[in-house]
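Could you have a look at this structure, given as structure tokens, before my questions?
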């Protein structure tokens, strides 16, 4: 159920509707839009009688929502969600670029790469302090020491920090240091973790699971939003298929599919999606061309010595080329779209 | 590195080798076999010099292990692992049957189904108290109340309880009630949860992830074993493919593949693997015929009213037929195998 | 549209209905059943008015068929189709075993293997004279010379011959020598070839394409039947997935799915389905246990010298073991099914 | 084996080398490059002694080629292959656009669409006269009548014709009318058909099979080239995966992978790849951005009445927008590439 308030509805009327929803045992989700506020209702098992609400002052209409997701859908909120993190905007007029090493390995490595990133005018710096690893015997990240190094990079270069939260145990720690908390592909349906980051007010970047359908992906975002955190960034990073020429098959067609159904921004990670350096730049260009709101790539100054995922990291020069190319492609789309539409 | 002790090695000699391993900063995993004890070493980043160990009293040989997994592999432990839970044995001479409702829904439903299960001579009862659900708005299980109902079924019918542990937050609670803790497919690479159940002494049933390779599956088991819990039961439950005639594609060929590489028992869940009742019995028979150590199936007295996964639950009569068929097939294999081998 | 004749309808009445169908510009497919004859109609673009037929003498009812396939479906023909080839029966009371080398390589090799096959009481001998090969530079089969060698094996050992027809150009030649014409997985949607073998009166074994859905598989069989050849044997041989522990993922759940929808027999090829010898016997057992009408396996006397697919061929001793096991499993199913049903 | 001639080698010297290759029982494939000619050798089962050739006049070096494909590889021919068809160039400086209806349905429909295409400055017109259809009861194309209509569109609008050849039986007919013969995804491994079009001198567009690996795709092209037809255009059209938000999953990462290994041009078909109109334009832009040499799209004036694949056809206005966008994106890439490289 979705309550769409009239354009002239007052904040008090919105609050009154929310209170009625609470009294019925459900949970209200007021979402202010450009012209009017919509209020999502969650917590109900079946259909709710719309007449409960249609008689309340300020209510425009009460709409049954049949899709399995509500808060992520365009029915509830038509306008694109724009998420602001420091000087960066995700889902806005410009494509966002997030870059950095796969893992924080040392103070020197992190500062060297952060300098490259910041010099290219990039505002969001990524780096893993807690790493999910297939083998229990692989390097698992520097932990809190890694988070402190990231915080220093933020102070020194004015970038904001995107870093992965691996589990609820370390969520408080990560939340304290991160500007954006990343949920990895393996955790896309770790529902306890989704609820935990849903209770945070820090933006969350949610990566698509390795074999997640579009609906499962959106419902994972719904878990986060149902807890009250509406700042969710979706991220395509490739899916598992029979194809063996790349590590994963980057499914760029999910970008227009998400845009069709959801107001949330979606970015693409071509580094994990392909696993090979020479495919990262073409796939980064392709991501922007299909309409993604940005890309996240791995950059390493000495990829041959990287403790994880070296072969897919861009060298600094390749990174600068990529930044130039994706910005140019985005300008073209913006121009042609304004010409035709 | 794997230290194989001589057949005549004393317990003190085994302990002395373990102590040396600890002094080197690594972790010893002594695993007693039928004739002699092997000691796995984990925690090393690179190769270890075997001469450290070959000079110690009681040591037969020190073997380099090149596979990414160690404790799950047959190199370390050649004999099949047999896990005893009450009167049931998993990995032993008889196929194990685990049955019950998808979710614990009420006291009455649980007792009715448990009676059917126990009457068929089945010793392991499954039922979910904490349910992982794709949508935040679906029934999430009865929680501790469900665990208490399961415990009552145990007391009343003499069955042991298999139930899912969803997250580290509720792990203590589940551990307290369960006889076997189940890790669901979505959590196969939830490494914090794997470590947590690895610190338990209750057996763990680990379900294969929806797009997990054999190596990833075995490495997830390795996470549990590396913490010291060697009672791991693997469970195939179907993988994601393009095929649309079943919910998942049950990959029975993983059973001989696991048997070839690992000493751990593997069972099959044909209910989640197919999603449709009329395919459950054939696929249960097929599972035993390919060499699985058992099956886990969903049974419901009123599947049309089930709160989750009703269409795949067997009716009580179908369940009894299935038990008869899988036991008969297992006898055939045991006989022909003894004839030929 | 399906015309079901009354039980007492005369052959002349059946023919009269067929004539009316022809006059309407469509194609009749009379299919005699145990108690009464059904007549399928193909060639119509849209719905046909059932009153055209319901007034004709001997007609029981005229049924609209909404599924995309007609002739393969159980709506048209409820009883299982049994195909007789010499002394062998496919779809009957006993499971059929088809065995032989992947490719006919020489006279000596073929006779040696045929002797092993015939000694085990197996009546159907397989061997490729025309081989589909991924590379243009690989061994493409002996061609007509291979067919002549197969014919000699038939004469000498009293077996019937199953061999692949690769294209319409060589179809006449293959038809002349073969007892069953096999359509390979890569040709499952080679519609011209399907039509060509549909015009033959020799039985056709149709292998499932590497990424064919159940509906596409049944519609490929429909192409053959629509030309008038009703002796179609379906064959599952594994599909393409991300899983890398076998060459293909054998999808045994398609067996009960086919049985549910179609009267056609279905067998399984565990040799191509797994690509590795030690998995062939378990998967052969599993195939029979899920209800397949038989299996087709590769046997080679010197697999290390095989010109194609050596690693998946069974050695003669393994083959004999497999025959014993699958027959024993089939007896169990037949017995338990008669007990319960 | 690959013979690389010296830069100053004469045509007679090239021919002399070819003659020696023929005398050894193999097949020479001379391929002139910008600076020197390379001669591929096919037909050999094992390695050939390079000294046979290194002593001949004009020979630079003889190189063993270990990859399974030879003629398609960059080892043999480093420079990109450019295929000229009338005024169009595939693999050249400009991206090629191929457009038209899925199927030729009538004279009027074809002329109306051809006019739209030609007005947009597009030189290659596609349309199916012979259609591969999953069901034997679906519209199978107008056959020769359709080819004649295409020929009229060529005469009237000055476009060249791309049309599918379904089988060897109708290959002569299609070859007579077509400017480019298309091999559909289902026929990618129809080796007889590949050989037949390999004997033609008309360019061939080869679509990737629904579950073809990169190596299988390139080896299918090798089949065509091994017969002497070097004018092969590869076409990505989506692969089969679990993902259900598009009909197929368009695998754009195969474009840089092909470019890395092969000199052949590759285009993308976003219409079949996505199956939905609103995804065609974004994916067309993405295709060019990842480096494809062009795109092929379906356009229909009345898609709601299309006899096949209506929902994926672009309307004329959308088509014009798409042409503008892909050209603009191509210019950006060309510019940035010239800046950085």
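Quick notes on this one:
So that you can tell them apart, the chains are marked A, B, C and D in the order they are listed, and the count of residues begins at 1 in each.
Throughout what follows, a residue touches a chain if its C-beta (ideal position, glycine included) is under 8 Å from a C-beta of that chain, and two chains touch if they have at least 3 such contacts.
A quick note: this is a predicted structure, and the numbers were derived from the prediction, not measured.
Repeating the C-D interface, with the same residue numbers in over half of the contact pairs, is the pair A-B out of B-C, A-C or A-B. More C-beta pairs in contact connect the chains of A-B than those of the other pair, out of B-D and A-B. Taking the mean of the C-alpha atoms as each chain's centre, chain A and chain B sit 35 Å apart.
Averaging Cα coordinates per chain places chain B and chain D 50 Å apart. Touching two or more other chains at once are residues 211, 239-242 of chain D. Here chain D touches chain C in the complex through residues 42-45, 68-69, 132-137, 166-169, 186-187, 189-193, 210-211, 215-216, 219, 222-223, 226, 239-240, going by the rule given at the top. Every residue of chain C that touches chain B in the complex is listed here, in rising order: 211, 213-214, 239, 241-246, 249-257, 260, 273-274, 278-279, 282-283, 285-291, 321, 324-325, 328-329, 331-333, 335-336, 339-340.
Interface of chain B with chain D (complex): residues 211, 240-242.
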